[in-house]
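Before anything else, here is the set of structures, which you'll find just below.
In what follows, subunit A forms one complex with subunit B and a second complex with subunit C.
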Partner chain A sequence: MSLKQFLQRLLLALPTLFGVSLVVFFLMRVVPGDPIAMMTPPGATEADVAQLRALYGLDKPIITQYVIWLGALFQGDLGTSISLRQDVFSLILERMPATLELAFLSTMIAIALCLILSLAGAYFRDRIIPRAVDAIASTAQAVPDFLWGLIFILLLGVAWPLFPISGRINPRLDHDLVSQFYLFESLIKLDFSLALELLRHLLLPAIALALPMTGIVTRLLKVSLEETWKQDYITMARARGFSRWYILRKEALRNALIPTVTLGGVQLTFLLGGTVLIEKLFSYPGIGNMAIGAVIQRDLPLIQGLILTFAVMFIVINLLIDLSYSWLNPRMRHG
Partner chain B sequence: MSLLEVQDLRVTLRQHSTSTRLLRDVSLSMEYGKVLGLVGESGAGKSMVAKAILDLLPKKAVIDKGEIKFNQNSLLRLSVAERRKLLGKDIALIPQDPMVSLNPVRTIGTHLSEGLTHHLGITKAEARKQSIALLDEVLIRDPERVIDAFSHELSGGMRQRVLIAMAFSCSPKLIIADEPTTALDVTVQKRVLSLIRMMQRKQNTSLLFITHDLGVVAKICDQVAIMYEGRVLENTTAKQLFHSPGHDYTRALIDAMPRFDQPDKPILPVSRKLKEQLQAETREVDQATYND
Partner chain C sequence: MNILNLISRSMGALLVLICISLPTQAADDDTLTIAYNVNLPSWDPTVGLSAVNPTIQSIYKSVFDQYIDQNPDLSFKPGLLTDWSWSDDKTSISMTLRENAFWHDGTPVTVEDVMWSLERAGNPDTGNPIQFIWGKVGEMTADGNTITAQMAGYDPSLFPWMAFLTGYILPKNYFEKVGAEGFEKAPMGSGPYMLDAFERDGFVRLKRFDQYWGDAPAFETVIFKFVTDASSRVAEIESGSSDITIEVPYEQFDRLAAVDGINGVSTPVSDIGMIFLNDIEVMEDANVRKAAAHAINKPVIVDRLLRGYGVPIDTLQAPEYMAYDDSIKVAYDPELASELLAKSGYSKDNPAKFKIQTTRGFKPKDYEMVQAIVGMWRKIGIEAEIEVYEIAKHYELRASDTLAPAAFYNWGNSIGDPSTSTGFAMFGPSPHSTWDTEDVDGMIGPLWGEADEAKRIDGYKKVDAYIAENAYVIPLLQYVQPILHREGISVTPHVANFVLPQLVTKQ
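Entry: the complex of A and B
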């Protein structure tokens, strides 16, 4: 992809974001549940309620509310959270690194597992290993991420307590982390014991998130590798004396990845969406967990801010997928 | 002394409960620096002979009998790794269809230099230099640009030149060219053929030239083997073939050739009667060898 195409894609993302903002705003106005009613104490008078409404701008006509909200949005102002009484933008900014670290680790685990499983499944020609790969992939795909999370909690957290099952870091632990990117920062500071402690918290939710994606992508990649193996250029490479493993890695893998990346991108957005339930399940302090709290509290500004955040992340993922697609496939690069 | 010796090679495809014979006691002999034409209609088993030599037989095909000797060594007794050492280095292939024989996601340069680094153990930089020289040798214009191109940027003829450069890159003793011009435009065929011939002469390589075109045989081959239904019907010299063909089928093939010197001569396809007779013979051979 050329720089021009890249910028075009970026520009195309703007109307998408605008559409998302529109839908989000009006959808939240029509769902039942009054946020003001939820935050007022039982003895409040009509006047108290009206005052609160005016404070949050909820007394104005809906179009006006949207224009005000959008205008503020352009200045990076997502409003004030009703339930947490803090600036939504800084709330999200503070929580987002936790989710990014979880999603990133999860994606890396999924990619590593996909490559190992599908390469093993395509490399070995006996009956056992390719079938074992199929069985593992089908199982991983058939169970949804939150169920994997539940299974891990019950097995590795409760029955055989090897891993902590809640939070991001041991709250009694003294640490001098300055950013919210705990894992990243600890690795940069070469503080491996802290990194290990963080990983112990991260591993179960990350694997739970990774497994369904691993299953479906592994299956496609393995079939794709087997199809690629029948191509004439593979036969040619075999006739030139290269080993099966070399050909699989150097000749077949990249070609086989081309049809796989598109599906991988879709799965990656599912993975990101999956953080909402997984973070709740593992009491992990990311924006997914925050989103559930916001919905329960009918915290409109926070919900809107979070949905927009997720939309931005989806757009970024799609952009990255497009980039990797044209990197993999030279026929896409020119023209 | 011969470079390649295929002796009584019998290959059978075993699928489920049926077995189909693909090669019926094929024998060939190739001398150093000579060109052997392997001629036959489509489905005769020509490519199967090439695959047997290159260790590319389909998974379900078994060699029941016979021997392939390369440089007095039995290829069939070598381990997979030992055979791979020969492939691409001492024995190379020019494939039938250049359009699909190059990896679409790898550059021309990668194709050429990976063979050089793998088989000759030279550095990547050195391999790149040699690759450019090779492209120049197969008469590709602007090799400095082509080396970084992908196959989809090249025409069919150019791709076949690249594949020829790949085949000759490690100065192999034997090159197997499996109908190397069939997939090309008629105008390009001649030039690619003469390039193969030129390179073969220059490196004094033995060439196993697979074709269904007797006209090409007349032009470049020293020896000829005629195949039909997995059998070699006749092993002879190219001169002998046209002056005194030894087999009815060979004679029929010669009659089926278009002749530029006699444009009025009718082109007679091989008669059905002759084919039926040959097929009956094949069945007899199969029955007689069923239990060997």
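Entry: the complex of A and C
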């Protein structure tokens, strides 16, 4: 992808984001549930309710509210959360690193498992292992992430309590981390005991999120590897006496990855969506958990900000996927 | 493929490292960990949505002091105020601040703090949802530790509200110095615990405040872990990760309370399950309303659906409330219910039809209870259609008085005052009432400002009897709060549904 194409893709993202903002804003105002009604105390008069409504800018026509919100958005102001009474942008910035770290670790785990399983499945052809790989992949795919989460909690949190089952960090620990990227910062500072502690909290939710993605991508990659194995250049490599393992890793894998990356990109967006339930289940303080609270409280500015954030993340992921094609396939780089 | 190899090997090494690392959450006798069912959205207990959320008050009450406090049985006791009273002519109030109270930075709590807190609460611009009460407090003067305030009108619920939602005293100088945003980041109170660490939606860690004016709490450190999923809270207590948890399903409560090392306590709390009736459609027919009320077998619902964790009630007053009258009964009598329906021409062949709305999973067995009730109604000739909605929708419909003819809801009233149960739930002009008729409004109206307390309480008892007689609302049960805790500690349950670390002791 050339720089020009990249910039074109970026420009195309703007109308997408505008559309998302429009749909979200109007949708949130027609779905049932009024945040002001939820915070109206007993004994409040109609004037009190009107005053509260005016305080949060909900007394104006919806179009006017949208124009005001959009104007503020262009200045980087996502509004003030009704339930948390803080700047939405700051709240999202504060919590997003936790979700990004979880999603990053999940993706890394999924990639590692996919590679191990699919390479093993392709390497040990006509033996028991490919069948076992298929069974593992099918099971990983068939069970939803939240159910994996529950299974892990019961097995590794309760029956055999090896891992913490809630939160992001041990509440008893003091730390001097300055950013919200706890894991990355602790690694940069070479504080490995803290990093390990953070990883112990991250591992179960990360694996629960990674497994469904692992299942579906493993199956595709394994099939793709098998198809690639029939290509002429692979036959040539075998004729030259390279080992099966060498050919799989050095010759077949890169080409087999091209269709897999497309599917992996789509699955990555599902993985991000899955953080909502997984974060709730593991009481993990990311933007997914925050989104549930915002919806329950009908915190309109926060919901709008969070959905826009998810939309931006999806767009960025799709861009990265496109960029990865060029890396994987040189013909696309020069095409 | 070097990057992919690196990822695979790193992940493998990581798994090995994590698996061989030792658990870090060792038991600590001086730390109390509570797996709590809600997050803490805001640290200011006097403004915004969270200020009127009863479930958060346990955390607020650990860090901040209220003007007036409550014992576990709901009776009132001194908080930061040691004395409080209305003048004989009911035009002013007098409040005395205790002398040995300190903020968490060691500075004393002063009358200026009290007056500023009341003024701020009464200022409509600050967003205090209970401004309609605090706004009645007028000009204040101080003489030593005694404050006298002129009142815009007599309100017998003023002092009870000082122990209720938003009734907290905040530090004037500190708040003005750091501002609202600064206070959110570093809140300061005068309560038994001070903030040590806070991770939004993660946990709050509190340290015992050594200069606290009251009895020193048993635990040096208290951690509230925000575990909003009920199954995760069960896992927290079962795995030993937390010492206490609340709001677990009753089935799990029974199971875990029988497990070695875990104990359970339960107590009826100030939360009522009820069916709001709206004065529309068939509900305008007294026979239909009364039949609907008499057809519900509340003890069976409590025993079979709630496993006995509930107290059947027939008025909006729980036994712990000021105006509870045990003589008010609405008997379970399906034959009488059928007769009443027949008088209006309804039968099983020609049933009275209406819609009943309910939440599903918002309160324990809410939907299942409504299903059971609809089954009981069907047997006498009432055909009710169930509509499930979210709690946010309920609030919206109730505020606009557009609820269905019947709607299941729960009503909390932790100060036990009849004005905050029957009063606000049944008085037509209140945004929270559903039944709006002049007869009830005419009975409740004069009680708002009734200066004679005995007469006021008696008046509410008469209103409750009248409401029960006419079936303007169907009270169902008083909820029971299940609390699970590890062995070795003792938890005193609070009827206001609080889990206060200061009420937890070591055995």
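Throughout what follows, the second predicted complex is superposed on the first by the 333 of 335 C-alpha atoms of A that agree within 3 Å, B and C clash if a C-alpha of one lies under 4 Å from a C-alpha of the other, contacts with A are read in each partner's own complex, and residues count from 1 in each chain.
Everything below uses one rule, namely that a contact is a pair of C-beta atoms (placed from the backbone, for glycine too) under 8 Å apart; a residue touches a chain by one contact, two chains touch by 3 or more.
All values reported here derive from a predicted model rather than from experimental measurement.
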Inquiry  = Both complexes share subunit A, so when I overlay them there, do subunit B and subunit C fit or clash?
reply    = fit
Ask   = Of subunit B and subunit C, which one contacts the greater number of residues in subunit A?
value = C
Ask   = After superposition on the shared chain, which partner residues are touched by A:232: those of subunit B (first), subunit C (second), both, or neither?
value = first
Request  = Return first, second, both or neither, reflecting whether A:240 touches subunit B, subunit C, both chains, or no partner chain.
outcome  = first
Task = May I ask you to decide whether A:123 touches subunit B, subunit C, both, or neither, giving the answer as first, second, both or neither?
result = neither
Message = Just checking: does A:290 make contact with subunit B only, subunit C only, both, or neither of them? Give me first, second, both or neither.
response = second
Note = Geometry row: CA centre of subunit A as apex, subunit B and subunit C as ends, angle in degrees (steps of 10) is 160
Ask   = Touching A:254 in the superposition: subunit B (first), subunit C (second), both, neither?
value = both
Task = Could you look at A:55 and tell me whether it touches subunit B, subunit C, both or neither (first, second, both, neither)?
result = second
Query = Upon superposition of the two complexes, what minimum C-alpha distance (Å) separates subunit B from subunit C?
reply = 12
Ask   = Hey, what residues of subunit A end up touching subunit B and subunit C alike?
value = 250, 254
Note = Touching subunit A in the complex, subunit B uses residues 54-56, 59, 81, 83-89, 92-93, 95, 97, 100-106, 114-115, 118-119, 150, 152, 163, 166
Task = Enumerate the contact residues on subunit A facing subunit B in the complex.
result = 125, 231-233, 235-243, 250-251, 254-255, 258, 328-331
Inquiry  = Going by the contact rule set out above, which residues of subunit C touch subunit A in the complex?
reply    = 1, 4-5, 7-8, 10-12, 14-15, 17-19, 21, 23-25, 28, 31, 33, 35, 39, 41-42, 44, 47-50, 52, 124, 127, 129-133, 165, 180-181, 184, 197, 199-203, 205, 221, 223, 225-229, 231-232, 235-236, 238-241, 389-393, 395-396, 398-400, 420, 423-425, 429-432
Footprint of subunit C on subunit A - complex, ascending = 32-46, 48-49, 51-52, 55, 82-86, 91, 94-95, 108-109, 111-113, 115-116, 150, 153-154, 157-158, 161-162, 164-174, 196-197, 199-200, 203, 249-250, 253-254, 280-283, 285, 289-290, 292-293, 296-298
